[in-house]
């Protein structure tokens, strides 16, 4: 249950089986920092090439393929007062003929004030004035080394996590990743001070972060896609294109979860999900899109009784 | 501002230019009933063939192509104590190989108690016991006659509305439809006592309804896709497959709305939406899927100042 | 086995249950004309509004829902010397960001010479000179009245046929349509002097036609999607978005056909198709895209022996 | 212009920046062997784990990011008499509800006779008898190391090539790959004795091969997606899901090619492609689908005059 303080000196833009920077035991926590999507650190200096550079990887001792890695995001805190967003919606989120109406995007600055918990638009020539919105700091891209000795670009996502750009990945959330390689090799990065659903301009408010997380290992528990939970929901994550396929991955993983851990046969799970499921849109910008399938925990206690019996 | 009471005697399973059952003036309200998706009325008798039969159409005097029809759902109330859902998630919402795990679906009964505002599962051989969930009555399928003398099946949806199966269409919501034919020809039907996101079992809790709505006409205002608003949000609706295209339609329509009515150029609208937009998943079951693009109204007052000036 | 000569006086831009213009017996042929997609006739005059106006519908006596209508395209002949194409690829067939590179499309004229069997580009300010290409006259949009009293725009396609824009629909081809309404109600139109795969500029060489076709009825034979055959292939047609779904429809229909008429169980059909199937791309421009699943007839004789036994 | 003979001793199931097995000069040829998709060699022994194991990588001296690697497939010859296919169409290529009709797939043996150029089905309990079909030997999976230090599974494909499963990759074809890393790092594998369009059973006739290829380098020529040519066509390859996006990648790359090398502005290229383009379906089975955009070379001579001037 140690707390490690780790200051990264190099970063990766592909999530893969890189040499680990630190060994962790199940139960350990790490306090570390992440640079922003552009490779800029807490001083707003570019210290590594852009593209969602990742801190890590962290080797979880004892993790083996077929296990599940539990990651609790204890703290996700912007560590500088400036963030950046892109200024135009991405061509792929509007009707193809409408792309002609889109100007070429630039970068926009926001003043990020963690004390007041707000971000304020600094661009002066818009119709938005000094638009000020609440912070909701999150991690856009994080995950474990994928299967088959792959190294997958931090532009995209898959079963291993990666660039899901889901605004539900805030402090307090627990995420479950399938383990594909010895040590799991957890990478973290791409902090956003806040972000709309879909990341439709291709960015959240991109910012460097101080991040604290805690890892735990579930031996012999095999899952297929990232899962998670927060105070209100359990959820599953599907990453693919088109969105229809992301829905399929997330829904299938939820059916498996309800079967494995809550004893629900397909009909029971279907009846429950059919009337009570919720979906969140992760990103519709990256090469793989992200859909999240959620079930309110308030519906689970009765199930857990079943589970216990 | 009359209130009409209309008792339907026949229904349509395609939304098109059928003879109107009633003429309404802008500002009029209608109190009427809808049968459920299976053609069953308040006495649970099948009075018309299944397939989301529609009450109407209602002719709004003065409506012409290029206008916008405003529909306020004043009341959406189940008018019988029994509802039906399908028992198995649809094959198209799970991974293709997982379809082999799905049993053949049947129909499940729920006791719908409008006084307590709950629905209780009546099927006894599940792991769910007497699962009781809150009601959230909504209309699954409603809309106006489409363009080009089309008559479009109530199985699907398009620019004219139709079978969107979005659980945001509850009492209190205002919906804006493009008018394609003289009189607009509003159809309403397919009530659900509640429904999960996506309608992933292919049904909400299907039930007959008493519905009250009010119409209003905006002359010379041309929109492309259904729009709406509730207390918290303005929203736009895109209907298409894949979901990616539904996202494109809804997002493009929101950009148009922010430009036309709130004076936001593309960059201003993009900056705002990029960090503040939310998306809801309507259906992922029908031939056309539905995505809803939402912007919190709390962000609009400043804009309305711009709009007024 | 009569040959009817029919000169249309009005046209439809939705395929539906319109009053028939002519009654045909099984075995009858019709010689008629079609206007081009812009509503222009053999004299290049606009005689009806644009949008793939259809000649017909033709009522086939005895046709009932659940039957199959056989249509042989005996002749598909341009009947004027001028044709039109659009000048720029459609925004939906290029990468979203590349749409910014596309100029606004105009119309381009071609001289169509049926004697020499060629079309020659008349636009002078291109890099193509007097590009001359072979004619391959086809029908872009034709089909039968759809189910459920629908009337479906000639912009799109579905189980009933419609705007498939498949360049395999040339003279000599036999097409099988499911019958959804009494009389089947066959519509024909949207001739192209030639067309590339996909109709990626949104047009073939649009031209008015003289068309001769012969109808035949197969009573009690229910199919789901259009099927066809020519000298070399049997084929099935799927219409949907995304293309993936069009592939699914066409492939499933081919499996059904091989089972029903050639006695192939799923494994036998799979082994055969897996190594021998071919797919053609119909359109990737219209609201529904089109994929065609083909099997060489040379592989069928052995099967027909099975079929006969 | 050396001819190297290379006998592989190990294989990779991810295409990435592995240590090269051989250095080649531009103009050099290699004669080597590939194991089949299951890791079986010319003696039908499993010598490496399954999953399209790749021979290589080959380091082309002088190749740098931003160059183009030219690969000519000189010979693609099955080197054993037995091949394997899967026996059931993949769940993703049929209508979702139809998946319930699909049996669990097994492996089927074929006798591959290179002398007669035929493959004969050895499975006895089908309706196909001793089905005998022509050989058309091809490579299913080959490509260069991808960008960003990625290593991409041989299950899928992208800009670097990979598991495209396109039956046009036969002897005599020239393929152009973008170079992403020093040396390009060419991998080759996954031979099929023949294959239908789409690889809809998830395999061609999987077989080990003797392969001869020749490499050439085009310095300073940057392409985005694989390109190719054969006697009749130039073509471009797009790999993505859904197929719609693969169409977009391939079409956009063809527009770039026609602009860069043939001097065609967008309108000229559009007019030409609109009426003359052809598309082939690569795979619709792998994580990324493949579409090929083709233009007949017979249309190019006039253009080459332009090109030369």
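The letters A, B, C and D name the chains in turn, as written, and every chain counts its residues from 1.
Criterion: a residue touches a chain if its C-beta (ideal position, glycine included) is under 8 Å from a C-beta of that chain, and two chains touch if they have at least 3 such contacts.
All figures in this text were calculated on a predicted structure; none of them were measured in a lab.
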By Cα centroid distance, the chain farthest from chain D is B
If you tally the C-beta contacts for A-C and for C-D, which one comes out higher? C-D
Provide the C-alpha centroid distance between chain A and chain D, rounded to the nearest whole angstrom. 34
Measuring centre to centre with CA averages, how many angstrom lie between chain C and chain D? 32
So, in whole Å, the Cα centroid of chain A is separated from that of chain C by 47
For chain D, give me the residues that contact two or more of the other chains. 92, 96, 102, 241-242
Spell out the residues on chain C that touch chain B in their complex, using ranges where they run on. 12-14, 16, 51, 147-153, 155, 240-242, 245
Chain A - residues contacting chain C, complex: 90-92, 96-97, 99-100, 102, 104, 242
Quick one: in the complex, what on chain D touches chain C? 85-89, 92-96, 98, 101-103, 105, 108, 119, 121, 123, 126-129, 131, 133, 194-201, 203-205, 241-244, 247-249, 251-252, 255, 263-279, 281, 284, 289, 291, 299, 302-303, 306
